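One chain, chain A, links the two complexes that follow: it is found with chain B in the first and with chain C in the second.
Presenting the complex of A and B:
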C-alpha cells in the first residue's frame, strides 16, 4: 500500500486535516485554551511536511527517509507525552490535591523510561545509538503513554468530570495509541511478515487520521466546559512544561 | 518523603506495565530493529528497519586447490576418469577401469 495511490491519499488527507485544524484554532483564537492540541498538531504538521519532502526526494527505502522518519518520531512521541501531561493538568484543575501527586508522577515516569532505555542500550552498546536507543526509547514511551492515557481516562471517570471535550480529546489519543497496539497483537497471533507490515502501516496511519477527526469534532462541536467552570484562562501548557 | 516514595513506585508500576504490554503485544520481536512491530505517529509510509545484511560466506579453503586441479586436469575430474588422478607411491598406478560395455543384445531367434 505504501507506494499506491491509497497511501498517497492517506498522507495528503493527514496533512490537510492537520493544517485545517490549525487554521481553525488560529481563526477562532483558541491557541491558549487548546494549547496542547495546537502544540501537538503543530509538531505533527511540521513532521508530516518534512517526511513528505524527504520521501518524495529520496524514496521510501532510502536511509535519508529512515533517519528523518524515526528522528521526527522522537519529536512526536515527546509532544504526545506533553499532551498527556497537559490533559492530566486540565483534568486536575479542580483537584489540586491529586495534581500534587500527578505532577511528580509524570516527570518520574519520563526519567524511568529514559533510564530503562539507557540500560537496554548499554547492554547492546555495540549497536548504533540511533537505531537502537532512539527507536527503543520511542517505543517504550509510546506504551507508557498508552498506560498513562488509560489512567487518565479512568481518572476522568473517577472524579466524574463534566468536561466532555477533554473526554473526547483523551479518546482521540487513545485511538492513536491503542489502535496500533491492538493491530500488533493481532499480527503477533497471525504470522506473515509481508501481511503484518502492510496491515500495521495502514492501521497506524488510519489511527492518526481517526485521532485527528475525533479531535476536530471535540474542538468544533463540543463545548469547552472545564475552563469556563473553573475560570482558568491561563496557558496551562506553560505551567505543565514548568513542572517538567 | 513517603509521598515521593509512593509516587516513585506508582511511576515504576506505570512504566513496567507499559513495557510488559509492549512485550505481550509484539512478542519476542520487541527489539529496536524488530521488523513490523514498531509504533509510530503520522500518516506517511513507515520505513521499517531493515534486517542487518547476512554475514559474508567464509572463504573456501579448497578453492585454490580445486582451481589448480581444474586448470591442470581440465573438466575431467571425476574419480572414474582414467589417467588424470594424482597418487603417491612408486608402484604402478591402477587406473580406474571404465565400466564394462553393456552386453550385446541376444540374437533374435527366427
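Presenting the complex of A and C:
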C-alpha cells in the first residue's frame, strides 16, 4: 500500500498488461476456452481500478480505502481459488476418476480454511471482523491456493499431461501466489513491519507482472492442446463452479 | 512464529521452483530445424563444443576459461537478439525472462563450484539457454530475405 513512484509505475504497468491481455483474449475470441484466465484477469483489473479510484478520492489512510482494499483482496483470493479449480478440471478432462476425488477435495479445502479462520476469529472476537477475519481468511486461502497449485503441478506430472499451455498457466499462477505468500509471512516475522510491508507491496506487484508475462506467453505462443472428450469443449468457469 | 517461518521458507522455495520450471518450459520450444548451427559458425561461438566435451568426453572443467567462454557467448547472443533482424530493437518478454534465468544460473554455477556439487548440470543448463538464443536469432535471420546474402554474410556486414 505504499505511495512511492516505483509502486505507481508497477501499478500502472499491471493495469495496462491486464487490460492488454483481456483485449487480446476478446479480439481472438478466446473468452470461452481461456475462461479462467479471462475471469481472473477481469477480477485483477477491477481490483486495481477500484483501489486506484478510492485511493485518489479518499487518500491512503482513509477508512474507505481500508475497506475497499480488503474487500477487493477477498474478491481476488476467491477468484484465484476458482481459477485453480478450473485448472484442476482442465487437467482432469481425461481423468474422470481423478476428478471425482478432486471435486470433493476442493470444496472441503475451502470449508477447512473458513473453519480455521473462524476459530482464530472467535479467539479474538473483540477485534473487528474486517481487520481480523477477512485478513486472516485471505492470507490462509492465499497459501492454500499455493499448495493446491503445487498439487496441480504434481498431478500434471503424474498423469503425464501433454497440455503445455496449462503447465505454463499453472507456473504463472504459482509465481503469482508464492511471492506474496512469502512476503505475508515475512510481515508476520518482522517486528518493525514498515520495511516488510513496503517490500510486500512491491513483491506482490512484481509477482503479478511476472505471472501476467507468463500467461501472455502461454496464451499467445503455446498451442492450446486441451483435450476434447466425446464432443465436450473445455469446461467454462460456471460449469466448474457448479460441479464443486 | 514457527508456522510463519515455515510458510516463508516454503513459499520462497516454491517461487524459485516455479520460476525455474517456467524457464525450462520456454526452453523446450521446438524449432522446425537447427537454426543455431549457422549462428554458431558465423560468430565462432564456443558453447556447442563445450557441451559436447562435457556430455561425451566428461572433460575436466577449466573454470576461469569456461566462465569466460559462456560470458562471451552470452554477450554476443544477447547483442544479436536485440539487433539482428529485429525491427523493434528490443528483447521480447520471454527473452528478458531467459536473460534473467541465465544470470541466475551463472550465479548458481559460482555457488555450486564453491560447494563442489552439480557444476556440470548448471553448465548444461547455461548452454541450453545459449542454444535457444542462437536458435531464435537464426530463425529471425532466416525469415528475412536479403537477396543472395547468406546468414554469415549478413552477420559479418552488421
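Assume the second predicted complex is superposed on the first by the 222 of 244 C-alpha atoms of A that agree within 3 Å, B and C clash if a C-alpha of one lies under 4 Å from a C-alpha of the other, contacts with A are read in each partner's own complex, and residues count from 1 in each chain.
What we mean here is this: a contact is a pair of C-beta atoms (placed from the backbone, for glycine too) under 8 Å apart; a residue touches a chain by one contact, two chains touch by 3 or more.
Just so it is clear, the structure is predicted and the values come from calculations on it, not from any experiment.
> Touching A:69, do we find chain B (first), chain C (second), both, or neither?
The answer is first: A:69 touches chain B but not chain C.
> Just to be sure I read the superposition right, which of the two partners does A:112 touch: chain B = first, chain C = second, or both, or neither?
A:112 sits against chain B, while chain C stays out of touch.
> Of chain B and chain C, which one contacts the greater number of residues in chain A?
For chain A, the partner with the higher number of touched residues is B.
> Should A:214 be classified as contacting the first partner (chain B), the second (chain C), both, or neither?
second
> Now for A:158: first (chain B), second (chain C), both, or neither, which partner does it touch?
Neither: A:158 stays clear of chain B and chain C.
> Name the contact category of A:171: first (chain B only), second (chain C only), both, or neither.
A:171 contacts chain C only, not chain B.
> For A:15, select first, second, both or neither according to whether it touches chain B, chain C, the two together, or no partner.
It touches chain B, and chain C stays clear.
> Examine A:181 and indicate which partner it touches, taking first as chain B and second as chain C; both and neither are also allowed.
both
> Taking the superposition on A as described, I'd like to know which of chain B and chain C A:56 touches: first, second, both or neither.
Once the two structures are laid over each other on A, A:56 reaches no partner at all.
> Using the superposition on A, tell me which residues of chain A are in contact with chain B and, in the other complex, with chain C.
The overlap between the chain B and chain C interfaces on chain A comprises residues 143, 146, 177, 181, 184-185, 188.
> Which chain A residues qualify as touching chain B in the complex?
Residues 2-3, 7, 10-11, 13-15, 44, 47-48, 51-52, 55, 60-61, 65-66, 69-70, 72-73, 76-77, 80, 100-101, 104-105, 108-109, 112-113, 116, 127, 131-133, 135-136, 138-140, 142-148, 151, 176-177, 180-181, 184-185, 187-188, 193, 196-197, 200-201, 204-205, 208-209.
> In their shared complex, at which residues does chain A touch chain C?
Touching chain C: residues 143, 146, 150, 153, 164, 167-168, 171-172, 174-175, 177-179, 181-182, 184-186, 188-189, 207, 210, 213-214, 216-217, 221 of chain A.
> For the complex, give me every residue of chain C touching chain A.
1, 4-5, 7-8, 11-12, 14-15, 17-19, 21-22, 25-26, 28-29, 93-94, 97
> Using the touch definition from the top, list the residues of chain B that touch chain A in their complex.
Those residues of chain B that touch chain A are 3-4, 6-8, 10-12, 14-15, 17-19, 21-22, 24-27, 29-33, 35-49.
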